[in-house]
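Supplied in structure tokens, the structure appears directly below.
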């Protein structure tokens, strides 16, 4: 039965699409192959999601080799959600990418671009689905290496240095994770996550587990760009091709956050991570400082992409703060924000991409009166910007409401207050741009001829698909909240 | 076990720290890559020594051999080595491209050029 | 009658507004008036249903796990809905004259945002729980923002920034935490007779803080120090100042506070624990201080703005006194003040369009040129002051009675003092216009406002008098509020 092989299909389809692209080489065909492959992945992920939702956890032995000898794929509500989110965002962004990539990347390199995209998708999905700690590292490197490549496709030469800096930071992060996994293996003799989770309680007294825990924490913090280890992110987001930025913003850091969740909650267990190890003492200040300071920093950015990049780091701060609560409601809030933020930030970067496509730059101070020229794009920017702020009836409100309620439940008043404070900063940085685009009269001597000049439909439609979904999730937040609650329960319930 | 008895781990630590230091302290991109290489190699060494069993032979089934080294870490590290090679390849390719567009591979000079561009 | 129907006319008319656009102005404005009348009819149906004791409610839409969006009609909401829909029609008629007379740009955007704001006001009026009210409250802020910055020049952009900043900071920084606190303490956000916090076991200190968060967080109620946005927002076209900043926006603020006191805190809880002890003086200070500031303003719209701040604080004060009589008085004052103040704003706009004068000192002798406008201004002023034969008297009487009932007569003193100040800053305006000779010789004959605007002014001024003579329908309605 094909439906039994779904966990493997999710990885195999994009992995095969990549070499196929390299063989075919014709840009539009490559794009079509990637898109079809991606669409199939979305379908498989959806089927997998429904299956897990109905029948519970799926354990899939890759190649028929049972754990602990072989690699096992372990799918519960948490990673089924991640698979669906990542594949879906990638699929929508891929549709969007065609036009913008055609404009900025050399035609002769297109096949490499789509191949790298497929590899990156493979890596991200692999990280999400695998139940083997070492396999996480391998997929992490697959996704990272292809990501460095994708970033380097940027038009500006600064894309190259951004990519290189990301490579250095990313390799350090991945190596730390590798060291952590090595120590865990030394202490427990297991690499399968389920086995690890079982054996760690007995090995807790060993120094090796402590060392493993520390290395993993730092490595994962680098990979998921938690303040103050976020340095690589702003340049990478600003200079890579905008479609790649949209893709990364919605998926890459989110997947790293997922790994963080998996290690801290499923493998080490919340009692060890947040009880004995006092992870809160490290993570919570970092998270809170992150969302307050970087929302503030975002206000002073004149480049829209850079502004949104800093805002992303701030949002990661919210998610981490929610994780630190280590309760059912806190995890639900964090996971729901992973979903919600993935969708709106991708939509935001897409609208910025449309501006880039038509205007040629993204300096906010010379976007006067853009509403006249590109009403649809600007509307999209406003709608998703409102989501970022957390205005009621948008996804941001659902996330922030759950986060603050969860914080208050725990008695962390200050965290709740600071979340609100940073939302106020978000009003300023989004409002500032919106004001320019809507109301400011052109300052140039000869105002550009007013007339509609919208981005192509192939860019607008995917953007509005995401915005439609974000509105749907905002108005009926229970949809995502119940999924997130199931995922949180799966994490807290440990392995079955 | 005495402290010296764990000499392999001491070597791992020294290599690791040396690599990390080069990675952070050097501005030359090639030297950074060398640092990264040393750093990654130290991890390989860590894994390999984990799998070694005192007095154990290679894990091949043969008569009269009862003590084996653990093959799993060695296999794992083969993968990690491949990953390391790929990383180095991508990084070197990037350095070539950087050299083509900036005419330098010194990070401080690149930063100066970028700062100049930002001001314009 | 499902209260959701009240959202239909204002939302449905938006495509028509956009479709007709600048090319068919008459059709565009006719469609708005038709929508307004339809909305009025719907609100009237709801009114009769509520008077007859029928339950009027919509289905619910769950947006968070335990909290949902839901509309239902209760007496105060019906009153507010009726008021806003009636004045929408009148203001549209007025805008036709004003906007064309003033040659405003982007009229289509103006009418679209206006309709959107009205839809949000309807949602606020019929909100069945605090979450719905909050959502509508935020939506009002956002939909009126383009109206404030309508002119697009530096002054209006600055005003818009202040508007958004103060209202959003208040609502997200203070009001939202209060709501989440209430949700965690009471486990629900529904509006229930007698309140939901009585059994939540909050101490007096907690209740005081919670109440302060609400009163100051609802920036639209413009209690000092959250009042700065209101004078700033006066850069907007006059119809906006009139409907939104004398009626819809600011009244949503005080309406929110009335609902909070009646259905969330419960008047008994507030009056027995004395949770309002520390907030009331601030509100009373606002009443007096803004009257005094109004006195110093020469710009007519600025004076009216500060007068609005003072009158809004009456209502907040009435709510915080937390007796049945005072809360009824506060609710009634929403209507009474609305008719008085909208008349005054309409007059100010008419003066601006016809005579191009913005300052009070320039109005000497203008009574001869705009007699009807000035006469209406006089009636409106009486309404605000609360002198017969204008409407404000009833509500002020009830509030005064309420403060006696609460056993603290000092608040009557505040009321009386500010009423005296009202007389001092409002009445001289028509008196100067009629009886002082003009500084320069004026052309003979009338130069009244455009006809549609004049009609609107006359209607609201008449309503001021009618509400004095026949307050019963509203009193009967408010009599239906379930207090406990």
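First chain written, first letter: the chains are A, B and C, and each begins at residue 1.
The definition used in the following text is that a residue touches a chain if its C-beta (ideal position, glycine included) is under 8 Å from a C-beta of that chain, and two chains touch if they have at least 3 such contacts.
All values derive from a computational prediction rather than experimental measurement.
With chains as nodes and touching pairs as edges, the resulting graph is an open line. Taking the mean of each chain's C-alpha atoms, the chain whose centre lies closest to the overall C-alpha mean is A. The most distant chain from subunit B, with centres taken as the mean of CA atoms, is C. The mean-CA centres of subunit B and subunit C are about 69 angstrom from one another, to the nearest whole unit. In terms of their C-alpha centroids, the spacing between subunit A and subunit B amounts to 27 Å.
In whole angstrom, the spacing between the mean C-alpha positions of subunit A and subunit C is 44. Touching subunit B in their complex are the following residues of subunit A: 134, 137-138, 141, 145, 148-149, 152, 157-158, 160-161, 163-164, 167-168, 171-172, 175, 178-179, 182, 185-186, 191.
If you check the complex, the residues on subunit B that touch subunit A are 20, 23, 29, 32, 36, 39-40, 43, 46-47, 50, 72-73, 76, 79-80, 83, 86-87, 90-91, 94-95, 97-98, 101-102, 110, 114, 117.
Here subunit C touches subunit A in the complex through residues 61-65, 131, 134-135, 138-139, 142, 146, 149, 152-153, 156-157, 160-161, 164-165, 168-169, 172-173, 176-177, 180-181, 183-184, going by the rule given at the top. In the complex of the two chains, the subunit A residues touching subunit C come out as 386, 390-393, 398, 401-402, 404-405, 408-409, 416-417, 420-421, 423-424, 427-428, 431, 435, 438-441, 474-478, 481-482, 485.
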